[in-house]
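Next come two complexes built around chain A: one with chain B, the other with chain C.
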Partner chain A sequence: MKTPRPLVPVPPVAGRTLDAQLHLLDRQVLDNDGVPVTTVDDLELSPPGSGPEIPEGTPAPVITALLTGPILGTRIFGGRPPSSRLIRIPWKDVADVGVVVRLGVSGQNLDADWVERWIRDKIIARIPGGSRDPR
Partner chain B sequence: MILGDLLGTPVFDDDGVRLGRVADARFVVDGVPPQLMADARLLGLVVSPHSWSSFLGYERNSLTQPWPLPALLRWRHSGSFLVMWADIAMIGDGSVRLRRGYTAYSPALDGDGQE
Partner chain C sequence: MKRILGVALGILTAIGGFVDIGDLVTNAVVGSRFGLSLIWVVGVGVAGICIFANMSGRVAAASGRATFEVIRERLGPRAGLANLSASFFINLMTVTAELGGIALALQLATSVHYLLLIPVAVVAVWLVIWRVKFSIMENVTGLLGLALIVFVVALFLLKPDWGSLAGQALAPAVPDEETGAAYWYFAIALFGAAMTPYEVFFFSSGAVEEGWTIKDLIQSRINVLVGFPLGGLLSVAIAACAAVVLLPAGIAVTSISQVILPVAEGAGKLGLAFVLVGLVAATFGAALETTLSSGYTLAQFFGWSWGKFRRPAQAARFHLSMIICLLIGVAVLSTGVDPVLITEYSVVFSAVALPLTYLPILIVANDPQYMGGHVNGRGVNVLAMIYLVVILAASLAAIPLMIVTGAGS
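Right after this comes the complex of A and B.
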């Protein structure tokens, strides 16, 4: 294995730098009301080209969506769920990336927390007193 | 393209010499914001010759506490480098190939987690 030396400092870039593992993956996602929606399980990028070869001058891929979904099993046993099982939160809905990822939209309209909504409406609401607002 | 498929992928240079694995992907948010945040374009990939897992990014910042974790993790990721998108020739199912004469950049971030 060959390691290239010496390392050159990265030329300055105009925008904010985000390392996927450090700043995005596994971060909690809050909606515009500060309500937790989900966590970032993976990222979807725009396709870099039509094939594996990348011609010189090809524009860099951009993040198109944050992905979430049923990944517990694949985290333990390896692999990842099929792309069709992953739920997408479009990058254009992201308002800020910090300790948490904040969205600029309401979580009520997102598919990401449908399980929670389903449990609330179908199970919790049918328990006596379950439909009362606890606040 | 899903990023999780790229992380951990072996990286080779133009001669087929193995350089390491993709440890991370660096993005820069520098587009024109359509509404809330600008597009985050892929700036490059962080390649680590020993381990593709990264723990809190100690190898990319200057933190020295808590002893001895930073030194240990820096040693584990010694030889890591950042390769820019322009130097990536091929992203296949099981490997990434770099262009001939690619430049290896320092993967270091500053204290604020920025370059």
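Right after this comes the complex of A and C.
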């Protein structure tokens, strides 16, 4: 068996370094109005190459999307859902990463919010007073 | 002037809101069996809840993050889910106990069987959660809960032998007819009743609900550091009343009517009227807080939109989950299981789950990324670490003691 070559040191990067585990995973996601959308349940990375062998000089994978939904179950209990079952929030919609992840778009149109919208439209909004402002 | 009024109101509601069904039942049971020999535990518990409630309020004000968001972030999904399951289960048990407590308190006032009053109680709780503004909810139940001060009044009117009460409290000893294991079992129950985790979930989420910023921290600190100890004094008065009237008579408390018996004896009909108002207000207020806490913990773990400051339609899953919790509570109660028994178990299980809540708060309160310049000072950390050891010991000892003592019987 071939011993793996030692990894090339991480190249210096401009700007802030984010630790995916520490700064992204399990962080609250807010939309552009500050309304909670979900929690970052997992991350989707771009594939580093097509085959099992990764040729030298392949660009490093980048984060393509924040994942949510049933993927949380697989992070707790293991396994991997088919790609078609993932609920994605594209990385380009992310506006800021702090103690929360802020999106630059409204949560109203995101797939990630469909359960919330369904429960709102089918149940909560039908109970009298459900749409009244408590303040 | 407005500021002073605000502080006074905050302190009064903190006192009135401190006592819930767990404190009422546990303190009366302990008073009726052990006199004041366990009262030191109330002091230890109140000091603990002051430290950690204050800390979670500061985390919420500095970072805008409530407790369970922080727990998930720090523990990850797996340990976070285990924590959520335990906390949520105990919270649900407390919701059930409080709902039963409202019904039992109303039964004392109306003589209608409590099972018939449970639907009234649960609909009232839900309507308040559905429609009433957060601050009004807090202030009204807190102020009405102050009626429980009648326990203090009754204690004075009973003209007890203060010397012997002080002796019991200052030189704690296990009474002859009780075992050491039962003594320590009830010590843990009292500790769990005083430090119930839902108070921390509620306190930190309430800080977000009311939009606290760092500027409001002084007021919240005064509320906690003055209000909670005075609320703890109410707990002590409940135990002392039971110690004066029920202990010599050989009555071990098993029902709510026995909890208020000393008030009737000491303060008469007027006292009884006050204690009934206080009882309903305290259990009702706590039912609101625990139901909201169920919603808060779930929503914060999964990242749903939550909060009473939003229209229900803008926090749909949050409101639906609370409706389901209330329905589960009603379902459990309608089996006819004794709410007092549920209460006694819920405070002990609370003690078991304490480290799950308090450790992550302590970790985040030291994280400058969240807290900026408002991280814990060294003194607070030392105290909190000491408490963590106590909490851990209580948590580990609770279940073995429950088995050994047959749940204290």
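Please note the rule applied: the second predicted complex is superposed on the first by the 109 of 135 C-alpha atoms of A that agree within 3 Å, B and C clash if a C-alpha of one lies under 4 Å from a C-alpha of the other, contacts with A are read in each partner's own complex, and residues count from 1 in each chain.
The rule is simple: contacts are C-beta pairs under 8 Å (C-beta built on N, C-alpha and C of every residue); 3 or more make two chains touch, one makes a residue touch a chain.
Because the structure is predicted, anything quoted here is derived from the model rather than measured.
Within the superposed three-chain model, A:99 lies in touch with chain C and out of touch with chain B [touch as defined at top]. Counting the residues of chain A touched by each of chain B and chain C gives the higher count for B. Of the two partner chains, neither chain B nor chain C is touched by A:82. By the document's definition of touching, of the two partners only chain B reaches A:53; chain C does not. Chain A uses residues 25 to touch chain B in one structure and chain C in the other. On the side of chain B, the complex with chain A involves touching residues 1-5, 7, 13, 17-20, 23-31, 34-43, 46, 49, 54, 56-57, 60, 79, 81-82, 85-86, 88-93, 99, 102-107, 109, 113-115.
Taken in their complex, chain C has these residues touching chain A: 63-65, 69, 72-73, 76-78, 80-81, 130-134, 299, 301-306, 308-314, 316-317, 319-320, 369-370. Looking at the complex, you find that chain A touches chain B at residues 1-5, 7-10, 12-23, 25, 42-48, 52-54, 56, 59-63, 67, 80, 83, 86, 91-97, 104.
Interface residues of chain A facing chain C in the complex, by the touch rule stated above, are 25-29, 35-39, 41, 68, 72, 75-76, 99-100, 115-117, 119-120, 123-125, 127, 129-135.
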